[in-house]
Amino acid sequence: MSTVEVKRETRPSLEVELAGMKLKNPVMSASGCFGWGEEYARFFDLNRMGALVGKAVTPRPRPGNPDVRIAETPAGMLNAIGLQNPGPEGFLNQILPRVRLLDLPVWVNVSANSLQEYVDLCDLLSQADGVSAIELNLSCPNVGRGGAEFCVVQEAVRETVSACRKVCRVPLIPKLSPNTTDVVALARAAEEAGADAVSLINTLVGMAIDIDRRRPVLGNQTGGLSGPAVKPIALRMVYEVSGAISIPVVGIGGIACWQDAVEFLMAGAAAVQVGTANFFNPTAIPEVIDGLENWLREKQIGDVREIIGVARQPKRR
Amino acid sequence: MSTVEVKRETRPSLEVELAGMKLKNPVMSASGCFGWGEEYARFFDLNRMGALVGKAVTPRPRPGNPDVRIAETPAGMLNAIGLQNPGPEGFLNQILPRVRLLDLPVWVNVSANSLQEYVDLCDLLSQADGVSAIELNLSCPNVGRGGAEFCVVQEAVRETVSACRKVCRVPLIPKLSPNTTDVVALARAAEEAGADAVSLINTLVGMAIDIDRRRPVLGNQTGGLSGPAVKPIALRMVYEVSGAISIPVVGIGGIACWQDAVEFLMAGAAAVQVGTANFFNPTAIPEVIDGLENWLREKQIGDVREIIGVARQPKRR
Amino acid sequence: MSESIPIYRAEVLDHVEVAPEHFVMTLDAPEIAREARPGQFVMVRSLGTWDPLLPRAFSVYHADAEGGCIDIMYRQVGRGTGRLRLNEPGVHVQLWGPLGKPFQLADVEQVVLVGGGVGVPPIVFYAEYLDRLLAPVKVVALIGASTETFLVGIDHLQRANATVRVATDDGTAGHHGYVTQLLPEYLEDTPTAVYACGPMPMLAAVARITEAQGVPAELALEAPMACGVGACLGCTVPRREGGYARVCTDGPVFRPEEIAW
Amino acid sequence: MSESIPIYRAEVLDHVEVAPEHFVMTLDAPEIAREARPGQFVMVRSLGTWDPLLPRAFSVYHADAEGGCIDIMYRQVGRGTGRLRLNEPGVHVQLWGPLGKPFQLADVEQVVLVGGGVGVPPIVFYAEYLDRLLAPVKVVALIGASTETFLVGIDHLQRANATVRVATDDGTAGHHGYVTQLLPEYLEDTPTAVYACGPMPMLAAVARITEAQGVPAELALEAPMACGVGACLGCTVPRREGGYARVCTDGPVFRPEEIAW
């Protein structure tokens, strides 16, 4: 039996390690695009995912924004949900007891408007059994200046991350905004401040206008743009950032099929998150995982880690 | 005959004034997406356009980037043409003599890598008969750091615009980059430095990866993202900027049909440019002009200027 | 919430124009055909493009449990339905459902169904369902449209033994005006429940009338949707008690008093 | 460059599968049918979506001046052709052309046509054109494909009185190997010109062979295109003399010595 045949038959390894966490595979849900999994558990076994990233938790419960909250755009969508969530108590009492039973890492996405709020939330939530990591949402465009300031100023990122790092008992993963001049500078600041990894990108601030009603479509006027439309921007940022820092990068933005995930891995992402695609294809995540595995087998690549960042190396033949 | 009927019959006025220029209508070509018009003259009468904006002119002739130069993305495209152009002499001798015969304002888009180069080009080209305005391309993502620096630093914008303003004999219209944290700050800097109007947006820096060849699709690795995919981002920036400055804003980004143009006008643009759409629909510009006129007539709006910025006013009923 | 939701790349079995701009699409979906109840909807996405990106919600118009297929009826108005129109028989679309809460039959002697525009499909499905009940109730169907040619499903309603009355905005057929103007006369004496689906203004009117008369009613709402399953929080409507309800999972069928109109 | 280019929302008149994954689409385009010459192409865009965004270039496969329609032949490989496939007869697509420089017939006794993959359509069109000349030349057509079932247009070539030889990568039909391996034997004595269209490696081989033997040749290239008319500068290939040529307007037909292979 030739080695080629052996290769063909062995199952490729999809396992990756990220900030000390072992993931079955590098594919997870993106915050706010998967609820806390209960809806999608009706379509596939959540334990197939590399990790579950839930909706943002804010210092106090939030009812969310008045309608209209979403609008379709070419190959994308705008959202201004307004971080609707039950707050820390609601999360700890109603949500965590259920999701901690899952056999996969659970990341909590944390969003706030001040340094102190970020620190307090990290302190509180990182002590809870079942919280595997904290993803710091430094960039929610839909909750007014407060949230927005954090996303784009290097100093604020450094300050917030190092303060949270001190109190956070689990891996701390700042999620960076793309609405910035120099995302590499933000990533460097996060790394220097002790981040265990960075996630990017969050949504780009956008708008749509209803020409019949002569006003913005969204009740919030502006919203966050996501979906395949933003993939080229996200991919470029992941490519730049992963070349500039030494902590892992979680690639996010417009991933809708396994080929997209491969692009992000080749650009240097250690793992990827699938967001908007869950909405238009509830089985997007298992399809990405299966597609990735089949492609690796076809190409006779034994370990998914072999392709991480290869597009950044000199051209191969 | 009732006034309503009268209104129905009168032809709406599409004329706008921009930085002292009278435009037949607010629809023009976007730089680099229309050559110098010769190709599109084979599809429609160029004199129907509000103005013609040609491909960038650089201090010296440029052969452009090696292939691959373009890639399709979801509802958009990436380009890394590399500012291929015949340089100032080529423009003045081969191109200008032809385009100056047209019965519409001709804008020259100027791109350079240093303050001095920008000043020299403005000085030289603004003296040429037939050049109606200079659009200062402060944001070409495809010619290395040089060009890129200009696009995003407030001080650089202020410095460049005021220096060019001194030597420029025609309206000076800086074109702003969207790859920035605060486009409003850039616009304010341009206004304070004496700009007659601002154009936005240029392309967003993006990337695509060829997973078979394991490297970026574009020879230049990164490229500029344009087309309908970027429209929500462009619209938001036009909305923010036109609310913050008092000089006119030229709206650009993903305009592919008349409804898109109306959105930009309602967001506060005094005029619009059609770029990528020319490529996938050679009659996009006349279709936008006709669609705009028909819509105004239907809605019994006598003057296109009535809708500029209406989406920024409190909701109407 | 815990049982699984059928999802397929479903084959288009039939696709016909039933009125100007109105089409009926038959989809191969055995589980959905078995499980679907009147008022519920499915999400449909055309494949091979990201524009339009999002799936569209369509009420179940017919469910043939034996044949293992369902019908949806849509009006071609925009990008989603424009793309949907291109899916000829043999092509596959992505489909999941049934979704949302169905109509709940109240213990009454008469049921009045009110349908307007593309709100008619679930009304037809409900009429046929009521007609098959062991203890049939008197069913009146009030159907509204902008003009006569857009009146759809009337024949199905009559075959389902419903008393049909129509209204058109332009008076080309039946009552000249809003369909809701026909409602009050049916709320006099007999114990009646009202079920409605159609444009928001129509539903608001039905809510006003039925609440004023203390008549039980259920209204099937529409809202822009991304996911259809409760995850995106994009389809919310304000609750009278405060906060927001998701049309896709808390609805689409609501009682008038639940919503802050 | 100054005469106008016909552009339409053209009706799809016919759309048939001619081989696995290969389709022929007939389009209503009177002016293009009159003007098109072998080697020229048209740009086609499916309507109602921005994804795929860009039009696709297709060589003219047949031009029926009397009937006022043209045929294109395409292989369904990706998003553009996937969407194109959905345009059934009666649907309209945006269409402009004819574009680019056609093949120029050299003063020779024998013409050898070399076609590979989706490069065959212009070769067939050229063979039919040559067959209608007053002073006919001897025409040999060398057609390559990955496998037998992908060999297309052979019947048309034979009807056009061309001597056809085929090659397949897998040996399922004709010569087992590259079609270009069949070329040298035809370049011995008779004054011959070579015209080729197909994948870049095939064209490069033809260029090598013909340049080595000093035989006149013309090659129809492919490149990613956005506009098809010379405006976007996206379709460039490097010139041997330096600088870049636009495939859409300086080509698609080039002489081997023009290109830096």
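When the chains are written out, they are named A, B, C and D in that same order, and each has its own residue count from 1.
Assume a residue touches a chain if its C-beta (ideal position, glycine included) is under 8 Å from a C-beta of that chain, and two chains touch if they have at least 3 such contacts.
Note that the structure is predicted; figures quoted are calculated from it, not measured.
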item	value
Minimal step count in the chain contact network, subunit B to subunit D	1
Length of the line joining the C-alpha centres of subunit A and subunit D, rounded to whole Å	46
Centroid distance [mean C-alpha coordinates] between subunit D and subunit C, Å	51
Subunit A and subunit C, separation of their C-alpha mean positions in angstrom	36
Cα-centroid distance, subunit A relative to subunit B, in whole angstrom	34
Residue list for subunit C, restricted to those that touch at least two other chains	50-52, 79
Subunit B: positions in contact with at least two other chains	73-76, 227-229
Category of the chain touch graph - line, ring, star, complete, other	complete
Subunit C residues within the subunit A interface of the complex	1-5, 7, 45, 50-55, 79, 94, 96, 223-227, 229-238, 242-244, 249
Residues of subunit A that touch subunit D when the two form their complex	74-75, 228
Complex contact set, residues of subunit B against subunit A	73-76, 78, 152, 179-182, 204-209, 211, 213-216, 221-222, 225, 227-233, 235-236, 239, 254, 259, 262-263, 266-267, 307, 310-311, 315-316
Touching residues on subunit A, where the partner in the complex is subunit C	33-35, 38-43, 63-64, 66-77, 79, 81, 84, 227-229, 256, 276, 278-283
Residues of subunit C defined as touching subunit D within the complex	48-52, 79, 82-83, 86-88, 91
